[in-house]
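Following this line, the structures themselves.
Okay, so chain A shows up in both of these, paired with chain B first and chain C after.
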Partner chain A sequence: MKWRLVPGWSAALILVTEFTFFALLLAPRSGGPHTFANAANVALILKYSSIYGIGAIGAAMVIGAGGIDLAPGAVIALASVLTGHLFIIEGWPLWAACSLGLAIGFVTGGLAALLIVGARLPPFIATLGVMGIARGAAFLITEGRFYDLSQRLPAGTAPLGLPLSAWPGAVMLVFAAVFQFVMVRTAVGRHILATGGNEVAARYAGVHVGRVKAFVYITGGALAALSGVVLGVVQGQGKADLATGYELDIIAAAVVGGASLSGGRASVVGAVIGSLIFGVLRNALAQIPGGTFADRFILGVAVLVIVVMDRMATREAT
Partner chain B sequence: MSPALLATRRLTVRYGATAALRGVDLDIHGGEVHAVVGENGAGKSTLLRVIAGAVLPSAGVVHMRADVRVAWVPQETILPPDLTAAAWVFLGRELHGRLGVLRERAMQDGAASALRTIGCSASPNARLGTLAVTQRKQVQLARALHVEPDLLLLDEPTAVLGDSEAARLFAQVRTLKQRGTGICYVSHRLDEVLAIADRVTVLRDGERVSTSPASVVDVGTLVQQMVGRDVQPRHRSDRSTGALFLQLSDVATAHVRGLSLGVRSGEVVGLAGLVGAGRSEVLEAIAGLRPLRAGRIACAVPPVFVPEDRGSKGLVSTLGLRENLFLPAEGWFLHRRREHRDAARWIERLSIRTHGADAAIESLSGGNQQKLLLARALRHEPRLLLLDEPTAGVDVAAKAEIHDLIAQLAAGGAGILLASSDLPELLALCDHIVALREGTVVGTLAAVDASEQRVAGLITGAA
Partner chain C sequence: MILDYGLRIADCERAAGALVLAAVLAGGCSKSSDQPHTLRFAFIPKAVHIPVFNYARIGAERAAKQMGGVEIIWRGPESTDEIRQKELLESFIAQHVDGIAISCLNGDLLTDAIDRAVDAGIPVVTWDSDAPGSKRQAFYGVNDIEAGRALGDGLAKLLNNRGRVAIITSLGADNLQKRLDGAKDVLKTYPDIQIVEVFDVRDDAVRVAEVIASAAQRYPDLDGWLSVGGWPVFVRNALDPVDSARTKVVAFDTIPPAPDLLRAGKVQLLVGQKYFGWGEESVKLLKRIIGGERPTQPYQYSGMDVVTRDNLDAYLQQWQRWERGQ
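Right after this comes the complex of A and B.
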């Protein structure tokens, strides 16, 4: 029997099944409002999944190109902290603080690209280094302080007419659409998957693999920073030890969404759905007594199961 | 003849869509030399790999008693460079004392004696990396003989041996025969085969065409059975050669030094040499994929490179046929409809057998994968084409089609530099052949002066 996680669609199936399962499981005994399957909760799930989802878009592209990025968690923290510091301590206008927060993602991504393409370091090592530098920079900036931007913003702030709490989801969906298009309908997308599928063959065919790799790492860094800025502004989280370990959830979301760790296969839409799968899981577990303790355990098991399924499918195909 | 040591029934080996062996029935008896011949890609090496146990059959059976000792000398002479000859002769059967301490002296002596038997002058303590390819082959043979096998599998053993070394090998083979060992001898040197074998089996495109006593067949019959049609000696139509498209002056790369050659419009120049001689490096350097250590490369027209080893260096298996054909994609956006149309045209032009433009690479046979790779190159309408092993592992029919294509391109004015280890291919297609051995040019032959023997002699350095 030959089957595989068709990028995107089987992840969607898993999401729908999962949501239905929890909707049934958490249905109120006696007639009353459903604590899980209601619009406000879904909006909450979307909002919290976006922190991983935006980063997972970048991870899908990096993994598709045959690489790996361990820096996102640290970059999220750095961007949120930098934005907070500039806005609160230095008194910059919000748009300026956010712009620089975003820019730092280009810098960290650029550093990763330099190490990987220029110095030919293995991506694991290079991005591990960037992660340390970014995290360290975050601590240097905050000196242990905690920035809460949400306190400083007037209530009812709605940039561009969209309430603050809708921004994370909106940003994720917009960029998912943009990069899904890039991956599926542009030459860059094909070159990314060719580089990940067989870097030597891609290079021999004439693909500029160095440029491709630089593109995915810089974009990944920028997306992580975007996630950090959004997190800082919307959720008021601005501390240096933020988002520790998020890179693993981000990678897991991308893999669940169809990215193959051996490179050459990835789906942006799938990665976003993957982040929603984990978001639903976390949300549902929080509503089950004692569920939060099982959170990481179940997540770990789920990732293993899906990765094993991916390996098996890949091996059958060869 | 003694009872069969080995019998295969309906043996089939598939790699993806390619069937390397199809329903092969073969038996080898003790005390006989059973030769297996066929074109490149016919399945000879695969057959030996199955018998040796390195590859599992996809279908069919191999009957062999469990106590039969098998020694296999594969075609490749790539050995771990830091092991000594003695270590290789005894690998897996080391002599050791009670605590597992190796008895080095005994192994040295044993290896020295084995090497002497096969006529190898290398010292048992010599590191394999320092030995010439001929000596490495002899070390492999010494190991096989030392095992005292019941069944000996030899895959192109004389490809890197000179006349005297080959004679020594045959003497050993005859001795083994008398002792009741069964020998399966794969070679494409038909004269040799007829001299040493008792029976000859011909394979073509993975199928057994015939098995006959060596006394009743001659070279012509064998060739006809190998190729499946009357072979006309390929005559190069007199191509007029024109402007100089490529000039290499004293070029040096990692393993090559002092290489100078030129390729003109309408000319096919061959690069002959053993594995490791540096041919691929030279082509990669011309294509700009590898830095030059010395010398100059002058291309009057942009070169288009078709790498060897299409599975690992040519095609991206996670992408489909169309995506591999249009790699790199031109422009910013992908034009799926236009690509489908153009892909259909290329599929027809090169007779690529596939179920569609989006077929998975693994669904294509080796020959069709190679044609896809060529189509990708031809899209650029190359005036200068660099081909590295363009018919490796390709079936007979596709190989002929590719050869015709190369001849057509040259007739149309393209200049072609062809690196190949298939000597008959080089002789059939090339106007000149440049022979490399261990990184230096050891001879340049014009087509009229070249013969398989002369070229083989140059690239191995054997007498």
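Right after this comes the complex of A and C.
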């Protein structure tokens, strides 16, 4: 291979190929509107992929710094529950409830950072604990109930003129752009990848490794909470069992997007594209009769195939 | 760490996966090209792993075959993931299928999407679990409040109107909540019956075994179990920690292996639903709505079957007739 593949670019190529493949496969035989390649369906893919995608932005940075975060699914649920509780039970204004929902992500991320940087726990164990605490807190707050945010959100609510259903996608794209800039154009981004690549060398080179780690876990927590707040408001519910198991899909999206679990390599845009690859797959498989039982299997295979392809392409290029 | 393990098994999985993918995709192609004018009905169960729903699928596919010109797309979340179920529902709206039949994990969460489907001209019926606040044209299933009352009354009779009772449910679904309300309302009318606890098993047959085992430790003098779903009777050993000489069990659902447990005396009363009917009747309702006939009454109650050891044989004969589609 002559050209140099940057992490995330192969994911973009796969996304385009995948979309084209399903657009051709699902093209209507007898005329009529296309059931897959239409604007409403693309908007839908964007809306649901962003639940994972917003979290995957943080996951890419955590993984790039050589860590792992198992808490995002639970933090999504906790943020949705907290926002719902403050908005519905306490009667707070929406912006205030959302702000505190978001703040809980800084708390859970801060706790993870404290355990990993301060107590030197392995990230897997530390974030496993945070995951349990966040999910447990969500159940303690709700006691099995759920908060119906939609009862205080009149139909046609459009904050800043943007309809609610367009918000998740917009938030994902904006934050992907922001953190892509951070990762590629700033010293912070270089320090994150340096820490993940070789922690000792990074330390000798003057990188404040502890600060870098704290930054990625806190940012990761905040982004997961953002995903939860958006989910709660857009779907109209705060519920303790939302997003169960999503942490693995979020990690998978980041890995498919070019992040290496051994650290030192990650792409924020790639992670978002990774979540879109899964979103397209989930959406398209729903249109194929009999596909329902093959769904998870195909997703699992897709992760492996994409990662192997990505590794082979980048290995040949370097 | 996870990835390293994944890569080692990558080769065999990839090969097998490619075959499955190819087969699935090939199936999709041939079906859509052979029958260009078929009506496409999307059936969305609460989750594809819950055993009762397989009978609904059989019923739906059988009715579609008998009617002709109808294709069933059976599609549900892999686990009871409400957001995933809503994503599926919305993807069927974007595809503009000809009809949607759904058993709602969480009716409130789905209401705005169901309304959007109906506004877009896609008829929606709910089955098994309703979204009562939505614009769906019909609901087919048991009258859940009545079913809950039948469970409560049945247990009270078995206990001679006195004793300590524990209840099993899964929080969140409209149908289970109604059954719970019905059962609690009835039990309240018996002054000597006390509900010690309501357990949430989250639609999980493993969790239910754990709950029953730990409750057997905590409440050794428990007189009765009432389950508003079939979880304790979907597996053979969940009720093993229960002393059947002392503690009576009533549970929803009659699918195998529940009849065996009834015969063995592990459970004393079951309330069965019209499992095949969920599929058959939903297909018929959608077809009628498309034909311009709107049901005069949204609640199409299916009736229920109260099964005890006395009428078990007759019920099993009836079950065989249902399986054959008679």
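Side notes on the structure shown:
We take it that the second predicted complex is superposed on the first by the 299 of 318 C-alpha atoms of A that agree within 3 Å, B and C clash if a C-alpha of one lies under 4 Å from a C-alpha of the other, contacts with A are read in each partner's own complex, and residues count from 1 in each chain.
We take it that a contact is a pair of C-beta atoms (placed from the backbone, for glycine too) under 8 Å apart; a residue touches a chain by one contact, two chains touch by 3 or more.
Owing to the predicted nature of the structure, the values given are computational and were not obtained by experimental measurement.
Within the superposed three-chain model, A:T186 lies in touch with chain B and out of touch with chain C [touch as defined at top].
Of the two partner chains placed by the overlay, neither chain B nor chain C lies in contact with A:I88. By the touch criterion stated above, A:R203 is placed in contact with chain B alone, chain C being left untouched. Set against each other, chain B and chain C differ in how many residues of chain A they touch, and the higher count belongs to C. Of the two partner chains placed by the overlay, neither chain B nor chain C lies in contact with A:L114. After overlaying the two complexes on the shared chain, residue contacts for A:I133 are found with neither chain B nor chain C. In the superposition on chain A, contact of A:Y48 is made with chain C only, not with chain B.
Residues of chain A touching chain B in their complex: 185-191, 193-194, 196-198, 200-208, 260, 263-265, 317-318. Chain B meets chain A in the complex at residues 16, 287, 289, 305, 307, 312-319, 323, 326-334, 360, 362, 376. The touching residues of chain A, counted against chain C in their complex, run 25-26, 29-30, 33, 35-36, 38, 40-41, 44, 47-48, 51, 124, 144-146, 148, 150, 155, 231, 235-237, 239, 241-245, 251, 255, 261, 282-283, 285-298, 300-305, 307-308.
For chain C in complex with chain A, the residues that touch the partner chain are 1-4, 6-7, 10, 13-14, 16-18, 20-21, 24-25, 27-29, 31-33, 36-37, 48, 71-76, 78-79, 81-83, 86-88, 90-96, 106, 108-109, 112, 171-172, 200, 202.
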